[in-house]
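Notes follow the structure.
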Amino acid sequence: MAELTYREAVADAIAQEMERDDKVVFLGEDIAKAGGVFKTTVGLYDKFGPDRVRDTPISEQAILGAAMGAAMTGLRPIAEIMFSDFFAVCWDIVVNQIAKTRYMTGGQVTMPLVIRSANGGGVRFGAQHSQSIENWAMMIPGLKVIAPSTPADVKGLLAASIRDPDPVIFFEQKSLYGDKGEIPDGEHVDELGTAKVVRDGADAVIYALAAMVPRSIRAAERLEADLGIRASVVDVRSLVPLDTRTIFSEFRKSGRAFTVEENPRLCGWGAEISSLITEECFWDMDLPVTRITTPHIPLASADNLEDQMIPSVDRIYETVRAGLD
Amino acid sequence: MWRLQLEVRHLEQRAHDLFLQNLIKGTSHLAVGQEAIAAGCATAMRPGDYTFCTYRGHAHTLVRGASMTGVLGELMGKECGLLQGKGGSMHLTDAEKGAMGSYAIIGAHLPIAAGAAWAAQYNKTGAVSFCFFGDGTTNIGAFHEALNFAVIWKLPVVFVCENNFYMEYTPIGEVTAVEHPAADRAGAYGLEPIIVDGNDADAVYRVARAAVDKAVAGDGPSLIEAETYRHYGHSRADPATYRPDKEVEEWMAKDPIPMYRSRLLEFGVPEKVVGDIEKSVLKAVNDATEEAKASPIPRDELALTDVWADGGSAWRN
Amino acid sequence: MAELTYREAVADAIAQEMERDDKVVFLGEDIAKAGGVFKTTVGLYDKFGPDRVRDTPISEQAILGAAMGAAMTGLRPIAEIMFSDFFAVCWDIVVNQIAKTRYMTGGQVTMPLVIRSANGGGVRFGAQHSQSIENWAMMIPGLKVIAPSTPADVKGLLAASIRDPDPVIFFEQKSLYGDKGEIPDGEHVDELGTAKVVRDGADAVIYALAAMVPRSIRAAERLEADLGIRASVVDVRSLVPLDTRTIFSEFRKSGRAFTVEENPRLCGWGAEISSLITEECFWDMDLPVTRITTPHIPLASADNLEDQMIPSVDRIYETVRAGLD
Amino acid sequence: MWRLQLEVRHLEQRAHDLFLQNLIKGTSHLAVGQEAIAAGCATAMRPGDYTFCTYRGHAHTLVRGASMTGVLGELMGKECGLLQGKGGSMHLTDAEKGAMGSYAIIGAHLPIAAGAAWAAQYNKTGAVSFCFFGDGTTNIGAFHEALNFAVIWKLPVVFVCENNFYMEYTPIGEVTAVEHPAADRAGAYGLEPIIVDGNDADAVYRVARAAVDKAVAGDGPSLIEAETYRHYGHSRADPATYRPDKEVEEWMAKDPIPMYRSRLLEFGVPEKVVGDIEKSVLKAVNDATEEAKASPIPRDELALTDVWADGGSAWRN
């Protein structure tokens, strides 16, 4: 097992898949010669050359349009949208074109493509470079939506996304890029649509995604150490397809659930999971599902302001403690 | 080309009639008057080339060889429709024939067409991607991004602006900083300005053919502005009263169908040959109409299929 | 009281506000000389002239950018985005610029503008011209979001939106444009942030928005006539600000709630209301909140396919009946 | 103009130093090397005119008269910051001074600047709106839409493309279909191509002044391409190793600050006057640094204010 950072796992996954299938191509701004502004794609240009790893102009609609057109006609493109906030400048291509074309054409065309993007806050970049927008993508029928929390999952889920025949929006959480973790040797491919129970516990369950996973684990550890509360933690990993089986089975153990989201409050995936649990596990509910989210406010940039907004280990700890009180 | 133009004309007229009988719902944007562009370009295209067009796309889909029954069936919301009734008038597609879709959001398909050209370039298939759009489309951002992108990557794509002088109800001149919405912008992408009489199928064929040759030679994209006029309103809902009578009259005199007919006769094609083609096209449209009418509406279950490549629509396990 | 259609109420509201305040200006595609593709703005150009009612090119980013810049410097623009699906081509200006600029500048600038748009399906326009996207807007901190169901509410809420000092996304449901209704005489201005109980009933409550309101009322009438089930209907009207007071107080009467949404299933406003009820009224819940939504699929265009997807009177009736069984 | 350029230079250098001391977090994009454009344009602007700029906007905000303490305080995340610590380096704004914001999504502020010009035109205030952006920005859709829109409405807006030859790490020539990313596209909007030496504040002043006159006369927008170079990397994280040494050297020799200094001396301004200004600017930067350092961090409650015009952030009652 090699230890890689979350950022290195990105290039590792892309290299694995590009080696395997020469229809896999990769495009984006400053991703080739410069290796990406987050240094997630270092080495790919040298390895696979300018035909397969291509720098583009600042033209996000063209980037995704090109990826779509190529996917419809035989390639398997990976496109980078540098910061997930920039999805807003090419949202039409994502939601009206990529997500709908297979359905609208009665299945005549297939859309095997991946859009990777750096998502989330915590790095003092201000409100236009810090959003967690996994809920934007989850709302749109026709998109698969993945957000890993560890280097191993980055590799395995990104590889699976590239092999998937449908469009996948792949969110890398930028506050995790420096995290290190073991990655299985050899080819590593995970499965979309699967959540993972990353910590066991019978008193409550915490559903988390991306950067909220390590925070939830730390909160759960402290809850156990301080108060003897044993909370399980579910890394949701895949918003679409959603692994409701794991979500529900874990819920039924305690009947007490908390969701921890980095996206702002209204209409987040936490609301979806909370509603699903209410709808389908109502008679097992011991407590209402409590959502822990960033408040419904744009993100501020100063250290203390931003830190106060994104769910922290302390806030998760406190909310679970108070909820079980 | 005579046949292609007639097919479009009669099919579109039929679609118009079927509206009036309320057999077609929703909206529909006819290309009556603009047939020469579709026919001229399709004749320049080769099997394997790609067509990307707009909501005004019945013509472009048909001329690539899509079945008339499939087109009319789709407009009528029948299961025999090209899209099984799931897309409707604005999204006609026949991927097998290279008609890669009709796109109803202005501008979106320009970069998509560039993408198909990229795949062709990468796979060295020699295919060329054609992209049709209107004058009004030249003012949206995606136009600009796609043109620049296609040029710097030298993609084999032919952008065809059908300048019918109106974006919906507004004269293009009122909302555009230059006189020729496409040609006057070619220079912004290092391209030659090309303007062609869009009502002359032969003229269109010649510029389209040259653009194909350029693309195949690896010399990158072309941007063609074809001037034309639509005979009906923008869409089903539009009686087009905003157009000066004189302007309409002048353009009606330039109707591509009678013009092409005269030319054929002039060039010595016997009246009977010309007329027989007319008859056979009309018969084909009639047959297709009957077939589409007779087709059942889509099975309800179809609503739930083909979101994903596995054929289904599940978002959960 | 005059009777107007839902579509006429739009121009009526705009005219009322333009007469009152000469800083109100209006721009969009084909809205001036042609009176709008839905004929919602007929007469305004003749009345207020080309300086205040302006046709634009097909440049949605320019339209909303211009509205924003003008709002920051003293005007009160109303912008039309013809179909709400087209928000995707100018989403950046809406979510990253208009929604965030006041906050990011520490309150230095104010953004009094309204973006009106025709929302929703049921008219056989296919997947790119039929979306109900009120949930897209609700997710974004910094936007107010309104969706009226009657001509009177169109007038009153649109007038209130124009007077509001914050950016308002105003959704007109296109399937309702032909509906007729009484409008109060004289100046009519309603209040944002208020839901309305449009039908009383103690057995259950149905929360609905826009086109789903008349359908819910009809379903409730049939439930009472057929089965004696008395369901109240709440017209949510304002997604942001959300009138949780009315929502909760109506809920507490029966403890049994249903939400009826035209937007697709995942992360809709129904999930938000369901989660809120669970979080804040858990001990009053008699049944789980049931969501009735369009399935999580792009909309098909054929009559029978589209009709089967959008919640119908029958589906609402059946779901409530089964739920209370 | 000497003072303005120096203010920018020293403030940016100070920002650079404060990063190295980790007193500034997040990212930051310095305009060192590009001072002459900010100074030249600001000198052509009148009180009441509007500035719209990018994440590389410290310079443009400062030259409109924003306080140095406010700028540095914002970068340091202090309550004395122009935005109370809520916006950060990429969003500097001083609306009272006409600095209407720094925008961090490429292209967005071009139509917004046009909007402010529209309000000025409508209200007949005579104000002109300046919009600054980079060479890379000319390839995004919003650029195209804004230019066309501003021209057809004859808006009093001046678009200034600061061509520093790089979009982040990629040479602009590799991703642009024309040599001069802005000037070669002016024709697509019926505008004159204007190229100016962006390292010569006087030259910039002259073209900016002419553009203001044109706008005030009701003759609509201008598009200026000012060629320049940034001395540091694109942002804090970038050591700029992708630039050829020779290119960097050549441009360093054209550093606007020493160039302008020599010109002043040449024109007979006494060395002492020049030097005194330098000293006073440096002192101002030092004072502002101390003030900003001494300022408290924002009160936690500020996170919850000013989403809405009522000062609050409630989404429910």
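Here the chain labels run A, B, C and D in written order, and each chain numbers its own residues starting at 1.
In the analysis below, contacts are C-beta pairs under 8 Å (C-beta built on N, C-alpha and C of every residue); 3 or more make two chains touch, one makes a residue touch a chain.
None of the values given here were measured: they were computed from a predicted structure.
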(request) Just grab the chain with the largest centre-to-centre distance to subunit A, centres being mean Cα coordinates. (result) B
(request) Round to the nearest whole Å and give the separation of the Cα centres of subunit B and subunit C. (result) 35
(request) Report, in whole Å, the distance between the mean C-alpha point of subunit C and the mean C-alpha point of subunit D. (result) 39
(message) Can you work out the whole-Å distance between the CA centroids of subunit A and subunit C?
(response) 30
(request) Would you please write down the residue numbers of subunit C that are in contact with two or more other chains? (result) 56-57, 59-61, 85-86, 88-89, 92, 96, 103-104, 126-128, 141-142, 240, 265-266, 295-298, 300
(request) Name the residues of subunit D that each touch 2 or more other chains. (result) 81, 86-87, 91, 103, 105, 107-108, 139-142, 145, 148, 152, 174-176, 302, 307, 313, 315
(message) Based on which chains touch which, is the overall arrangement a line, ring, star, complete graph, or other?
(response) complete
(request) Over in the complex, which subunit C residues touch subunit B? Could you list them? (result) 29-30, 33-34, 37, 55-61, 85-86, 88-89, 123-129, 265-266, 295-298, 300-305, 308-309
(message) With touch defined as at the start, can you tell me which subunit A residues reach subunit C in the complex?
(response) 85-89, 91-92, 94-96, 99-100, 103-104, 126-128, 135-136, 138-142, 240, 263-272, 274-275, 278-280, 282, 285, 287-291, 295-298, 300
(message) Quick check: in the complex, which residue numbers of subunit B touch subunit A?
(response) 50, 52, 81-84, 86-87, 91, 93-96, 100-101, 103, 105, 107-120, 122-123, 127, 129, 141-142, 145-146, 148-149, 152-153, 302, 305-311, 313-317
(request) Flag every residue of subunit D that touches subunit A in the complex, lowest number first. (result) 25-27, 77-78, 81, 85-91, 103-108, 136-137, 139-142, 167-170, 174-176, 237, 242, 297-298, 300, 302-304, 307, 313, 315
(request) Show which residues of subunit C lie in contact with subunit D when the two form their complex. (result) 25, 51, 54, 56-57, 59-75, 77, 92-93, 96-97, 101-112, 141-142, 165-166, 193, 240-245
